[in-house]
Amino acid sequence: MKFSPRIYIITLLMLALGAVPLIADSIDEPFYTVLFSRMLILSIGAVSLNLILGFGGMVSFGHAVYLGIGSYVVGIGTFHAVEDGVEWMGNGFAHLSIAVAVSALAGLVIGAISLRTHGVYFIMITLAFSQMFYFIAVGSENYGGDDGLSLYMRSDFSGLLDLSNDNSLYYLNFAFLLASLYLSHRLTNSRFGMTLRGTKSNEQRMKSIGFPVFRYRLVAFVIAGAICGLAGVLSSNQTDFVSPAVMHWTRSGDLIIMTVLGGIGTLFGPVIGAVAFLLLEELLSGITEYWQLFFGPMLVLIVIFARGGIDGMLVALDRWWLQFSLKKNTKVD
Amino acid sequence: MNWILLLEQTLNGFQFGILLFLLAAGLTLIFGIMDLINLAHGSLYMMGAYFAATFTQWTDSFLLGALLALPACMLFGVILERIALRTLYTRSHLDQVLATFGLILFFNEFVRLIWGPIGLDIPLPELLSGSVELFFGIRYPAFRLVIIAVGIMVAFLLYLLVSKTKIGMLIRAGASNRQMVSALGVNINLLYTLVFGLGAALAGLAGMMAAPIMTVEIGMGEGILIITFVVIVIGGVGSIRGAFVAALIVGFIDTVGRSFLPDILGLFVSNDIADTAAPAISSMLIYILMALILAIKPQGLFPPKGA
Amino acid sequence: MLKVNSLIKSFGGLLATDNLSFEVEVGTLHAVIGPNGAGKTTLIRQITGETKPDSGTIIFDGKDISDIPVHLRSALGLARSFQITNIFPDMSTWDNVALAVQAHAGHSFHFWKDARKDPVLREPALVFLKQVGLEERAGIVAGQLSHGEHRQLEIAMALATRPKMLLLDEPMAGMGPEEAKAMVEILQGLKRKLTILLIEHDMDVVFTLADQITVMVYGRGIATDAPEAIRKHPEVQAAYLGEEEVGA
């Protein structure tokens, strides 16, 4: 098989991500495990967004709402588990299934209304809906309201996994990332995925060849929401905290940036984008307190110049390498 | 039933609606004509407030401060348009969202750099700091009445501009058929810059009028921006008339809803539940309204023809 | 196969379709011609359901389809090719046709199997590509095809939905002589197997292929008849007065 720099780099990235806790432990900097853990969680969020944005062409500006739902399921659950002694509400499996179910339901309701609109209306409505949920969270005084809620405990996986160990949590996140990547791979190459791609490419044509476009989009929307809800569960475990800020609309913006930065409509793009985004954020904020002054324009420039995102650049790298190695071989002869 | 409170809150609702209209009119024009989603419109609102605050401090007069701030906003908008936004007209909405989102981050930091992280205070101008007696012996803050008056005047001027002048005709034509207008030999670039400048001035005006009664702080644009989006969606993107009607409705429902919801809820459920649920639900009111309207009319109340 | 009855459609003050009626027999190629602005594309849009007529009915295969939405008309056997190329530019040629096949191969709530390796979709797609002469270009990204190849792809996609009737909206538009000849051959090959409604400007093509011709002027159907009769029709000649002798 021909050598492809792109595949090489992506493989390296995934292996590196897998090895982070080991490396962090060996240099005694557990901070890195936490940092990269966050990357994994947001990668899952970006993978789910990529399904509807990258492959389906639906610019949803309210995707962080599912992170919020997942987070609050854990927050509310563990709150009552500890405060009221209702043990099952602290159970991790309960958190996962309830978060997925509620997120799917929310996706169904939001999608059913939003997907009847197009273009800028769709963007604004998804934004408005996520604000609605944001305000519900702000208004829930019992669960901390605007200040949020500290978690008394992490999700209890009854002996299978001890999430209070940061490394265990890391590998749980990593496992879910791999699972969501695989799911994304299968979904986007299936008939269902082809329908999504076609709808993004030319909606009018899809309708005229006989596809009832709305229902496929809605299902995709629900699936994306469910996966992101799962990421939300992991997120609150990671930070031991939940607050409305998790689903502030700027978080939805961050998810879009990660997805586009990595390369929309590609499998590993979201992961690359999330890692790049958070690394950049980490680096820049270390240099100057006014890092957003640079980050902002950087985004603008990326949008203008780097179509196809980082993955697009890797594809170009592949092409360059191919030409380069062909030239090298002919020279030798 | 506290009628006085109702009247007060109705007026407050109209006042809020007027501010929303100023923002929405600019945003909807810019979208209708240039097909540009500008998330940074809230930043223009913020700059209006900050410019006004600074000029007021320098000149010791709110009126002078506002008069200086208005052209400053317009200039600011024009510069922004030429440097950053021009390239976005031909791009997808997704690209526009991303780029203008980046601009928001930039402007917030920019403001922090120059004016510091703590918000600013603009005192009410002395002349208008009192209250005026309306009918039934009710007193209402003079400044807020001025906001309403200014807003209605601007709405009227906009109406004249769009329906009676040549530029207005170009704007209306541009909204329904971009290529036609440029084929007619009109300098499209200039038209776009002017429209954007107008939108920026309107947003800045809203910002400077809001400044004395709300806090001038970083990020003040984002909260009101989203409500502005709701207004535009309800009114019909690209329609100024729609923006006016929707802005007043949204302003009214949001303000009056917030004050009276606990009481209204209290009619159906216990006061305890009403008090806890009310704040959350009042924030949701305008979104519920939006969802209802879109369910019946997905293009808003007054979608411009040819949309 | 298709009956258009007293169709009327106006846009504002403009009467695009003026009490138009004609019938297309099963297995024939029926051409609709007329000067620019005669309302031919509006006619097609009403037949596909993209535009709703103000009054009149459309009967397809014995059913009144006047109120049926666009995607369901396709399920009934009506397929259309577009005047302006309307394909999936970022997907491969093969993918394009396979999607059209997929649209009529049951529902698409299949989430697991790789659709690009599914013979149920890929093989028929290749067959249709062969029918229009595009099998060599199957792997190319559709956006990179030449103009003529786009038109061929349009037809392949329409065929892939296994229609009973094909609506062709100016398939020859913008084609050079070589490409046009290839297209005529393709259409000749399709004639016996399908009913075809053809909108075209190219008179040579129309008179070579058509079994029946309807002539439209300003939204009105001024004549519907066999090609030879149309050629001699006084009103038709009057409509084309000043242009080259009809079909010569």
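Order of writing sets the labels: A, B and C. Residues in every chain begin at 1.
By our rule, a residue touches a chain if its C-beta (ideal position, glycine included) is under 8 Å from a C-beta of that chain, and two chains touch if they have at least 3 such contacts.
Since the model is a prediction, treat every value here as computed from it, not as a measurement.
Participant: Please indicate the chain closest to the centre of the assembly, with centres calculated from CA atoms only.
Facilitator: Here the chain at the core of the arrangement is A.
Participant: Please find the two chains that have the most C-beta pairs touching each other.
Facilitator: Counting C-beta pairs in contact per chain pair, the top pair is A-B.
Participant: Between chain B and chain C, what's the gap in Å when you average each chain's C-alpha atoms?
Facilitator: Taking the mean C-alpha position of each chain, the two centres sit 49 Å apart.
Participant: Could you tell me the distance, in whole angstrom, between the mean C-alpha positions of chain A and chain B?
Facilitator: Distance between chain centres, rounded to whole Å: 32 Å.
Participant: If you average the CA atoms of chain A and of chain C, how many Å lie between those two points?
Facilitator: Distance between chain centres, rounded to whole Å: 44 Å.
Participant: Please give the residue numbers of chain C that touch chain A in the complex, ascending.
Facilitator: Going by the criterion above, the answer is residues 48, 50, 70-72, 74-75, 79-80, 82, 86-91, 95, 98-100, 102-104, 108-116, 118, 121, 157, 160-161.
Participant: Touching chain A in the complex: which residues of chain B?
Facilitator: By the definition above, chain B touches chain A via 31, 37, 84, 87, 91, 93-95, 97-99, 101-110, 112-113, 222, 226, 229-230, 232-233, 237, 276-277, 279-281, 283-284, 287-288, 290-291, 294-295, 298-300.
Participant: Inside the complex, what are the residues of chain A that reach chain B?
Facilitator: These residues of chain A touch chain B: 53, 59, 61, 113, 116-117, 119-121, 123-125, 127-129, 131-132, 135-136, 138-142, 249-250, 253, 256-257, 260, 290-293, 295-300, 302-304.
Participant: Taking the complex as given, what residues does chain A use to touch chain C?
Facilitator: 186-187, 189-195, 197-198, 201-202, 204-213, 216, 219
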